[in-house]
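Here chain A shows up in two complexes: once beside chain B, once beside chain C.
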Partner chain A sequence: MKPFLSLVKRDLTLGLRKKSQIYQPLVFQLLVVTMFPLGLGSGAKTLALIAPAVIWILALLASLLTLDQIFKNDYDDGSVESYVLTSYPLSMAVMAKVLAHWLLTGLPLVLFAPVLGVLLHLPSSSYGVLMLSLLIGTPIFSFIGSIGSALTMSLKHGGLLLTVLVMPLLAPVLIFGAGAVVESALGNSASQHLLLLSGMLVLSFTLVPFASAAAIKINLE
Partner chain B sequence: MPIIKATDVSCQRGQFTLFEPVSFTLAEGQSLLISGANGIGKTTLLESIAGLRSIQLGNIEYKSIDLLKSKDQWFDDSFFIGHKTGNKKELNCLENLRSFLQIQGIDVSEKQAEDALDKVGLAGYEYQFAGSLSAGQKKRLALARLTLIKHTVWILDEPFVNLDVAGCDWLLKLLNQHIDNKGILIITAHDNPSIRKKITHELVLEMQR
Partner chain C sequence: MKKQRTNAIVTLYHKLGSPPSFYRISGYFLKWLLLISIALTCWGLYDGLVLAPADYQQGDSFRIIYVHVPAAWMSMFIYAVMGIAAIIAIIWRMKVAEAVMIASAPIGAWFTFLALVTGSLWGKPMWGTWWEWDARMTSELILLFLYIGIMATYGAFSEDARKAARMAALVAVVGLVNLPIIHFSVKWWSSIHQGTTVSLTGESHITWEMLRPLLYMAFATKFYYGYSMLKRARLYLLETESQKKWAHTVITENK
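This part shows the complex of A and B:
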């Protein structure tokens, strides 16, 4: 447990010293959201209709901004060796990296979502489901993204490749995440969508660390 | 009794074999110097031995068990410092030294870390960010780890690069001490007459014909 916590602590310290990783995605979301009423030129009704999809797509795009950083910096400065060359399982180190990444980038997205909801006239009854769906969905972004980041860590400009790699895997998350919010906005129960999302989270929690660990080893060859 | 036994080991880049296969055995208190022309594959060989890459040709045994099967034991007993120092530029020296070893499960108190920095001549730099250190100081910060670990096998890639005269002397003393304590040393270095005195084995990598 100790190496795991040390790695989380180190990454959180790094993240809090280099705050751009935290506020960049939020500023990006805010800027794009304010463009929607201007571009659509229509009233609150249309905005409320598209709000669930817009907020979820923005959450996805905002996470993509930081996904490549999960392993790239560690590869570039060589500190990846500190958790590869030990008898502690590499998959646990992946877990620690993903946890730290989610705390620094995913959690702020969840907490910021109501602000976007207000700007898009999302019915106030849906805020709870919106935040809950993001709370389950954003860790999946970090998990799946870690595979992409591990695969592209040795490339100079791997951002686009990473996006192409992980986007198809993240599409189901978007479908059920936005679906949950749509259902609740219509006054229906969102539990089916949320349960499917939770299933995906469990699946990525159990499988992704091994995939990312294998990807790191391939990249060091 | 040999602890490390390498048989016909070589490395590949794509389809090409980098150098003529090499064999060596190392026992307690012995040391191996790997030399050869630039680009011959010294670093690649060292990284393969350390376990960062897989061994593509030949095999290495550690305590009579193939490295592939005794990986955990090997990682517990061997310590590698490569070209990339592994320092985080946003962390200060103390944090760098402690976090790197703690991630490997080695507990280092603040006092121990301060003493280690003192030994490598970084006293007074404890709270300086690693990003603002000179190349030689960054190297010293990485080498400070050696004073805090108990691993038997040290694998060092060009540890003398960027160090000043005093730094080289200090490192040489540390390496000698390690060998005298029955440690094993695997090292790459360009011509450095003073390191040769303690070296028991030498490998010169040659182009594959």
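This part shows the complex of A and C:
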């Protein structure tokens, strides 16, 4: 457990020193959300109708901005090779990297979501479900994204490829994440959607580290 | 007697695993696969476009089914073949499996594209719209994205074809695990959103005269896939083994 924690701590320290990774996705979200009333008109009803989808798609896009960073820097300075060479399981190192990435980029998205909700006139009753769905959904972004990041880390301009790889795989997350918020905005129970979302989190938690580890090994050949 | 037979199969299996033998053995089949696929296509299209009776509801425009449905079947069939080849390529690092996997991706992508386009052309007169976000169309579209992702991964690592193939194989396997999840989530999603999705009713009540051409076309596309995939796989093997002696003899002798 000690290598795991020290790896998480190292990544958090690095991330907190270079804060752009943390606040830039939030600024991006704020900018794009401003464009919606400007393009659609400021009618509260229209905005409230699209709010769940917009907030979830923005969370997806904002995550995509930072996903390539999971392994990119470590590949450039050679740390990835040391993860492979040590006796510590590579899949656990992947898990630590994903956890650190989520704490630095996913958690701020969850905490920032109510601000976007206010700007888009989301009904006040669905803020809890919004944050809960994002709390379950954003780690899946980081997990699935780690496969894409491991595949593209050796490429100079891998960002677009990563988007092409990751986006179709994340479609189910968007369906049930945004679906949960829509249901709660309509006054229905969102528990079905949230449970399916939790199932996906468990599945990606158990399977993805092995896929990412395999991708890293192939990439270093 | 029995033992001998299994031995022959095992030998054939091992032979197919080595690029020179695969190249030689597949060479015998190429011409026949192409001929059978052309013959079946001509027969199937004649049977479907001329002999089969017109549908009492849809008239003659139902006949696009003879292109649309085989293409949609192939889009999934090829992904399954590609996924199995990808698993073999990752675990046993067989070069021939890599070749089959890389060769399948563009063919599968084109069949998926064909299924989407013909479906859209069919949808306009039948449903009055080019595109409907129903479950089958949406998951077919996502399948196309997966194919594109696999091909893009292979293209991105152009300096080392074998590494590129293994990377693409990993993407294919991840997609294989995800496909059922995507399929069912899209299905549930569309059943939540549109209670009355337009769907073609009475599909199970298809007469033999209408079904027969469909089967011809289904086999024709399979044979075409066999031909096209082997042709591409042979080229991949020639490219990656271009330094080897057998590839050199093949290239110089064939000119």
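The rule is simple: the second predicted complex is superposed on the first by the 220 of 221 C-alpha atoms of A that agree within 3 Å, B and C clash if a C-alpha of one lies under 4 Å from a C-alpha of the other, contacts with A are read in each partner's own complex, and residues count from 1 in each chain.
Everything below uses one rule, namely that a residue touches a chain if its C-beta (ideal position, glycine included) is under 8 Å from a C-beta of that chain, and two chains touch if they have at least 3 such contacts.
As the structure is a prediction and not an experimental result, all values here were calculated from the model.
Of the two partner chains, neither chain B nor chain C is touched by A:70. Of the two partner chains placed by the overlay, only chain C lies in contact with A:218; chain B stays clear of it.
In the superposed model, A:62 makes contact with neither chain B nor chain C. In the overlay built on the shared chain, the residue A:79 is in contact with chain B alone; chain C does not reach it.
Within the superposed three-chain model, A:94 lies out of touch with both chain B and chain C [touch as defined at top]. Using the contact criterion defined above for the overlaid structures, shared-chain residue A:18 touches chain B, although it does not reach chain C. By the touch criterion defined above, A:110 lies against neither chain B nor chain C after alignment on the C-alpha atoms of chain A.
Legend: residue contacts after superposition of the two complexes on their common chain; A:3 is shown touching chain B, with no touch to chain C.
Residue overlap on chain A between the chain B contacts of one complex and the chain C contacts of the other covers 221.
Listing the residues of chain A that touch chain C in their complex gives 147, 151-152, 154-155, 158, 161, 164-165, 167-169, 171-172, 175-176, 179, 196, 200, 203, 207, 211, 214-215, 218-219, 221. Listing the residues of chain B that touch chain A in their complex gives 47, 50-54, 71-73, 75-76, 78, 80, 82-91, 95, 99-100, 102-105, 107.
By the touch criterion given at the top, residues 90, 142, 145-146, 148-149, 152-153, 156-157, 163, 166-167, 170-171, 173-175, 177-178, 181-182, 185-186, 188-189, 192 of chain C touch chain A in their complex.
Per the touch definition, chain A reaches chain B in the complex via residues 2-3, 6-7, 9-10, 13-14, 17-18, 76-79, 81-88, 93, 220-221.
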